Amino acid sequence: GCGAVTSSQGGGGNTSNTSNATSGGTTQQQTIKVAMIPKEIGIPYFTGASQGAKSVASQLHIQLTYNGPTTASASDQVSMINSYVAQGYKVIAVSANDPTSLAPALKAAMAKGVKVITWDSDVVPSARQYFVNQATAEGIGSTLVQITAQHFQGQGTVDVGILSSTPTNPNQNSWIDVMKKTIASKYPNLHIVTIQYDQEQPDVGLTAAENMIKAYPNMKAIISPDSVGVPAAAEAVEKLGMKGKIYVTGLADPIQMKQYVDDGTVQQFVLWNVPELGALTMYVARAVADGTMPTSGTFTAGSLGSFKVSNGQVLLGNPTVFDKASTDKANY
Amino acid sequence: MSERVVLNANQLVKSFAGVTVVKGVDIRLEPGEAHALVGENGAGKSTLIKMLAGVHQPDSGEIQFEGRTVTIANPSAAHQLGVFTVHQEPALMPQLSVAENVFMGFLPMKKRGVFRWVDRNAMFAEAERVFQRLEISMDVRQMAAQLTIAQQQMVEIAKSLIHQTKVLILDEPTATLSVHETEILFRIVRRLQSEGTAILFVSHRLQEVFSLCSKVTVMRDGERVGVYETVHLDENRLVSLMVGRNINLNDTERREIVRNEPILKVSNLTRRPWFEDVTFDLYPGEILGMAGLVGAGRTNVAEALFGVAPAQSGEIELGGKVLRIRNARQAIAEGIVYVPEDRHKHGVALSLPIRTNMTLPSLANLSKWGITQPRVETRLSEEMVRELNVKTTSVLQLVSQLSGGNQQKVVFAKWVSRKPRIMILDEPTRGVDVGAKSEIYRIIRSLADTGVAVLVISSDLPEILALSDRVLVMKEGRLVADLDKAHLSEENIMRHATGVKATVS
Amino acid sequence: MKRSSIWSLMTLGVFVVEMVVFSAFTPGFLNLNNLLSSTNNFMAVGVMALSMAFVIIAGGIDLSVGSMMSLCGMVFGVLWQHGMNVWLAALIAILFGGLLGFINGQIIVRTGIQPLIATLATLFIYGSIAMVISGQGQGSIYGFPQSFLLVGTGYLFGFAPIQLLVFIVLALVFGFLLQRTSYGRRVIFIGNNENSAFYSGVAVARVKTWTYVVSGFTSGLAAILLGSYFASVRGDMGLNFELTVITVCLVGGINVFGGSGNIFGVVVGTFILGMLQQGLNMLNVSSVEQSIVTGVILILAVGIQQLNVIFSRRRKPQASSVKQVANVS
Amino acid sequence: MAFMVLLLLVLLVSNPSFLKPGNLMDILLSTVTVGILALGEVGVIVTKGIDLSIGAAMGIVTLVVGEAALAGWPIWLVVLGGLIVGAVAGALNGVMISLVKLPPIIVTLGTLSVYSGIMYVVTNGQWVQNLPSQLLALGSFKLWFLPGPVLILLLCLLVLAVFLRYTVTGRYIYAIGNNADAARLAGIRETRIVFLPYLIAGLLAGVAGVLYIAYNGFSTPSTGADLNLEAIAAAVIGGTNVFGGRGTALGAVLGAVLLGIITEALVFFHLPAVWNEAAEGLIILVAVISDSTLIRKVNMGRG
C-alpha cells in the first residue's frame, strides 16, 4: 500500500485554529499561473476533473495549464514539473504516478518558492504542502465491499474476483488492501479468489474478466476499483450470458456506466464528484498562493462549501454510491 | 552488313566516383555469334555488361539494338529487348524455391479476376524441364538456401534459358563449374547459337574461350585493346594481349617433396550424408589437389577439417597430435586455414574496407591490449595488396567496389599473412584472371616451398594439373582415387570423378 | 564508415537547428543552467542507448533494457533495505544487470532464435519478476542517504550535472571501444557478415553475448541513475523505455540491420530527443501535441539525412524510359 | 507449432474444461484483434520492413468508427469509413517507405507517435462508448456456430494466405524481401511491391478496429498501445523472420492463438496475476526454441 493515503476518520478533535479562507473575488487579486498535472490524459476521470478546474479558474484569477503524460509515467511528470518551475509557475498541482519518484523534483520546486499541492494521488507529505484527497482509502475500499456484501446478504460463502488496473498503481493497491481488511473484519463470507489486471486497455480488461469468469466458475461478483475495469467486466458478463448471475461493481464514471446500468448488468457503483475535486484543487491552489490556507480545521471554498482539513489534507468527502436514478442525472 | 548486327555498342563510358572504369568501348554482336570478352580482373568487363543489361547507365556512348538506338533503363527493359544476362555473382532468393528463382519476374500465370495467379504446376514442370536440358538433377521445389555455389550458378544459367533470347550474356558462368557441367552448358549454348542467339561470353579460362568462341574482344584497364578472330590467336598471344606481358601458368619448377612424416593424417572421416570414410595424408610442403564433380563433397571435407562443420566420426591427426576440431578458431590456432568457395557468404564483409577484411583473423596479434593499431594494419594490408597485386586505389576502399577477382585476392590475403601450417583452398582462383592466377599460383608454390601443406580443391582441371603434386578424386562423398604425379591427366581424373570414361575437349 | 560519418554530421545539423528554433521561440530556453540541469531527465536513456548501439551494430536488438532496469532497480532497493551499504548495493545491481544480459545473450547464441523474440520474452520475464519483488516491498523503495541522491541530482563545480559527466565519460569509453579496439572491430564485422566472421575464426557467440552483457550493465547503471534522480526505485521504473532507447540509436544513425553506426551519432541522438521534450515542455506544448510533433520530427530528421541518398538515386533515369524502349522493340 | 499442441494437451490433462469447444472458440474470439494485426505484419516483415504503428492505426479506427456511429451515420458507411481510415494510415507509411525510401522502423516509430497523438485529438481525451446497437451487432453476430469476428479473422487469413502464396504479386513480395537486388535484376518494380504490404496492413488495421470497438463495446484514446509489439510478436512466433523473406499468414494467426492460449491458461492455473507476464515470456521462449530446434532436425533429416 501507499503510506501517503492515511485515514483521517475520527480526526474531529482538531478544532483549534478553524479559519475561513478569503477566496472568491472579494479582494483585488493578482492573476497566478497554475499547472495542473493529471496521472495521464485521455481518461474520462481526469478529463472530468479538468473540466471542474476550468469552470472555477477564471473567477479565482488563475491562468490554468492542464497537461499530463499520455501514459501514466512518473518520469514524464518529473520533466513537466521541472519545466513549469523554469517557466515561473506559482502553483503546481499534481496527481502523482508515484509517491516517491516525484519527491526530489517537487522539493526542488518548493525550494524555488513554487507552491506544491497534490490531488487525487498523493506524494510523500514532505514533498508537498497540501493534498486534496477525493476520499480516503478507507472510505472507498469499505464502501465497495459494503455494497457487495449487502447484495449478497444472507448467503453463504461468496467468491469475489478483483479486476485492478496495473499491479503498480498505488491508489488501486491501497484500496484493495482496505477491501481485504474490511472483508477480514466485517464480512468473512466474502472470499477474494483472484486479482487480475486490465493494464488500462479495454480489450485486455475484457479478456481478463472473461477468463476470470471461466476459470472460477463459483465466482459471483467482480469488483473493479478502476474505470476501465468496470465496463470491461460488465461487457464480459453480458458476453458470457452471466447477466444476473455475476454482480459487477467498482469505481467508475457515471457516463461510462450508463449503458450497463440501463440494461441492468450493473446495479450500483461508486464514485465521488470528480468535477468538484478539480474545482476544490483550484480553490486550494489559490489559497496556498495567497498564504491563507489553514493546516487543519475547516476550509471554505466559495460556493463549493466547506471542507475538513487535517495534517495538510483537504478531504472532499465520502464517495457516492450511484444507482440508476443518480447515474441518469450525472453528466460526467 | 549492318542488318547482320543485333547489338552494337559505341564508345561506352562509365565512371564510379570520378574513376573511369570503362573508357569508350565498342562491342558488336551478330546473330548466332559466340563472342568472348576477356581481360584482367577489374578491366571493366562486368561493368560493360551491366550497361548492356540495364543495371548501370552509361555516362556517354550509345547502344543500338537491331539498328535502332535504345536506352536500356533497367533490367526489364533489357528483357523486353531479348537481352538476358547471367551475372558474375549468383544472386538468388534463398527462402524461395528453385523453380520460383528461375521464373522470378516471369512467373507463369493464369489471369482470373483482379489477381494474376501463379500457375504453380506449370512452373514446377517447366523448371524441371529446364534442368533436364541442363542434364542436372535438381529438386526444383527445394529452397535456394540449400544450394551450393555451383548449383546456384546452374540456377542462374537456367534463368536465362527460359526465354526467347536474342542476346545471351554470360559473365563467368563456368567459374564454379567442373568440366562436366561446363560441357553441358556449352552444348546448350551452341544450340542457342544455331537458333540465331548471339552470345557474349566472359571467362578467365582461356581454353573455354577457344573452344566456344569465334571472336574475342580484349579489354585492358577499361579500354578495348582490339577484336580478334580466335583462329588467329593462341593462348599465349591472348594472354599477352590482356596483360601486356607473357605469363606461364605451368611454371612447374618446384622443389622435390620429401614425404617423410605427414603433417596431417585424416582417417575415416565421416559426416553423413555429405561424405564417408575419407582417409588421406598430407605432407609438409606438398600441394595436394582435390578434384571431383560439383556436389562430390569436397567442400564438406574441407569444412570438417576447418571445424565449421565438424565431422561425426573419424580422426584428424595434426603433427602427431589427434585433434577434435570443433570450431574455426581452434583450427586456426592449430595452423589450419581455409579459403572458402563462396566468398560473398563466407569470405568477405562487402561493405567494409579492404584493410578491415584482411586483418580480421590476425586482429589479436595486430592489436596491443585489445587496442587496434591502424598504422600497423595499414602497413600490413598495403604489403598484401602489393604482394598479391590487388587492383585498388587504397586499402580503405570498400571490398564491394572491387572486381570479383580482386575480392578473391582479399580473402586470400587475410590467410597468407597468418603464416599457416596447413592451407585449404576451395576454388582459390574462382573468377581470378590469368595474371592474378599466376601470382596466386606463385604464392601457393612459394608457401609450399616454405613447408606449408596445401590442399587445393578446384573444379578447374588445368589448375589442378598445374599446381598439384598429387591429386585426390572424390565421387559422391567418397575418395575414389589418389593419383600421383605420374598418373596425372585430365582424362584420368575425369574417369575417376564420373566413374565412366569421359572425353574432354 | 564514410556514410555513417556523413549521417552523424547531418544529425548534428538537425540538433543545431532544433536548438536555434527553441531559443528563438522560448525566452528562457537558452539559460545554460536550465539546459544543463534538464539533461538529468534523459541521461538514463542515453546511457542505455550507448550499449544498445553495440547490440544493434552486431545485428541484434535488445527489447529487455527497460525490464532489466526495473529489475536491477528493485535488486538495488531490496539489498539496501536489508541493510547493505548503498554503494555496494548499487555495484551489485549493475553486476546483476550484466548477469541478466548474459542470460539474454546465451539464449540468443545457443538457441539461434531471433533476438527480437528472445528479448521480448525476457522483457516480460524480467519485468514480471521486478513487479513481484516490488509487490512484496510495498510499491516503491525510498529513503536513500543524501550522498547517494547526489549522483542523480548533484553538480560538479556547481554547474556540471554528475549524470551528464557519467554519460560523457561512458560515451568516450564506448566510442573508443567501438572504433579503436579489436572487440569493437569484431562487433562491426559480425554485423556486416556474421558468416565471414565465423569463418575468420572470430568467436561470434562470445562477442555477441558480450554486447548483451554490456547492455545489461548499462541498464543496471541507468537504474541507479534514475533511482538516485527520483530518490526511489520501483518495479515498473523501466516500463516502455525500450522504444525510446532504440529510437535514440536510430536517430543517431545506427543501421537497424547492423554493421554500421558510431557512438558520436548516438550521443547527438540522445540530445536531439532529450532536448526536444525539454523544449516542447517549455513551449507549453501539450503531451498530445508533443507526441505528434515528435513523430513528425523523427521522420523529418531522418528524411533530411536521407536526402543525399535520394538525390543520388534520382540522378539515374528511372522507370519512365521503359516505355521508350517498349516503343522501340 | 508443435509446442502449441503440447501445451493444449497439458492443459487438457490438468483441466479438462479448458478444451471444451465453447472455450476454444472464446480463445479464438479473444485473439481476433491480435490475429488480424499480425496478418498485417507478415507481409510487411517479409519485405524486411516493420510496422510499429499498426496498433495506433487500429486505435484511430476504433475511435473514428465509434464517433461516426454515435453521430448517426449508417452502419455500412461507418464500416467503410473505418476501412478507409486504416488504409490511409497504412498508405502513408507505405509512401514514405517505398517512395521516399525512409527506413521502415523510423517511419513507423514516427507515425506511431503521430497516430497516438491524433487519437487524443479525435476524441478530445474522452472515451467512445454508449454505442448504437447496430454497431455492437457486428461484434456479436453468429454464423451457425462461428462468432462473427472469428469468421472475419478466418476470412482475412484465407485471403491473405492465398494472396501471398498463389498470386504473382504475393511472390514478388517474398522476392523483394529475400534479395532486393536480385528482384530488381528480374525486373520487379520494387516501389510498388514494397508499398503494398503497408497498405494491406493498414486495411487490416481498419478491419481489426471495426471489430474491436464492436466487440469490446468501448474504446479509449490509448487503445492499441499494447498491440504494436504484440502483433509483431505473434507474427514472429509464427515463423516470420525479421530479416525478411520468410513468413506465412497461417503462422501469424497461430502465433496470435498461442499468445491467447497462454493468457487464458495462466488464469486457469490460478496463478497470481503478477506472474502472468513472466510465465508468458517463458512459454514464448520455450515455444519458439522448441519449434526452431524441431525445424532444424527436420531439415537435417531431409538432407
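Should a chain be cited, it is by its letter among A, B, C and D, assigned in written order, with residues numbered from 1 in that chain.
One rule holds in what follows: a contact is a pair of C-beta atoms (placed from the backbone, for glycine too) under 8 Å apart; a residue touches a chain by one contact, two chains touch by 3 or more.
Listed by chain with UniProt protein names: B = ABC-type sugar transport system ATPase subunit; C = Autoinducer 2 import system permease protein LsrD; D = Autoinducer 2 import system permease protein LsrC.
No experiment lies behind these values; they were computed from the predicted model shown.
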Q. Looking at B-C and B-D, which pair shares more C-beta contacts?
A. B-C
Q: With centres defined as the mean of C-alpha atoms, identify the chain lying farthest from chain D.
A: B
(Q) Suppose each chain is reduced to the average of its Cα coordinates; what separation in Å results between chain B and chain D? (A) 45
Q. Roughly how many whole angstrom separate the Cα centroids of chain C and chain D?
A. 28
Q. What whole-Å value do you get for the distance between chain A and chain D if each is reduced to the mean of its CA atoms?
A. 35
Q: Mark out which residues of chain C touch at least two other chains, giving numbers and ranges.
A: 131, 135, 288, 291, 319
Q) Of all the residues in chain A, which ones touch at least 2 other chains? A) 41, 70-71, 167
Q: Any chance you could list the residues of chain D touching two or more other chains?
A: 116-117, 120, 125, 241, 274, 276
Q.
How do the chains pair up in terms of touching? List each pair.
A. A-C, A-D, B-C, B-D, C-D
Q: Give every residue of chain D touching chain A within the complex, in rising order.
A: 17, 23, 26, 30, 33, 116-117, 119-120, 123-127, 129-130, 140, 212, 215-223, 225-226, 263-264, 267-268, 270, 272-274, 276
Q) Mind pulling up the chain C residues that touch chain A in the complex? A) 28, 31, 34, 37-38, 41, 131, 134-135, 138-140, 142, 149, 152-153, 226, 229-232, 234-237, 239-240, 277-278, 281-282, 284, 286-288, 291
Q | chain B to chain D touching residues, read off their complex | A | 53, 55, 74-76, 79, 85, 87, 91-96, 100, 104-107, 109, 115-118, 120, 146, 159, 273
**Q.** Residues on chain D engaged by chain B in the complex (per definition of touch)
**A.** 163, 166-172, 174-175, 177-179, 181-188, 241, 245-246, 303
Q. Which residues of chain D touch chain C in their complex?
A. 48, 52, 96, 100-103, 105-107, 109-118, 120-121, 125, 189, 229, 232-233, 236-237, 241-243, 274-282, 284-285, 288-289, 292-293, 296
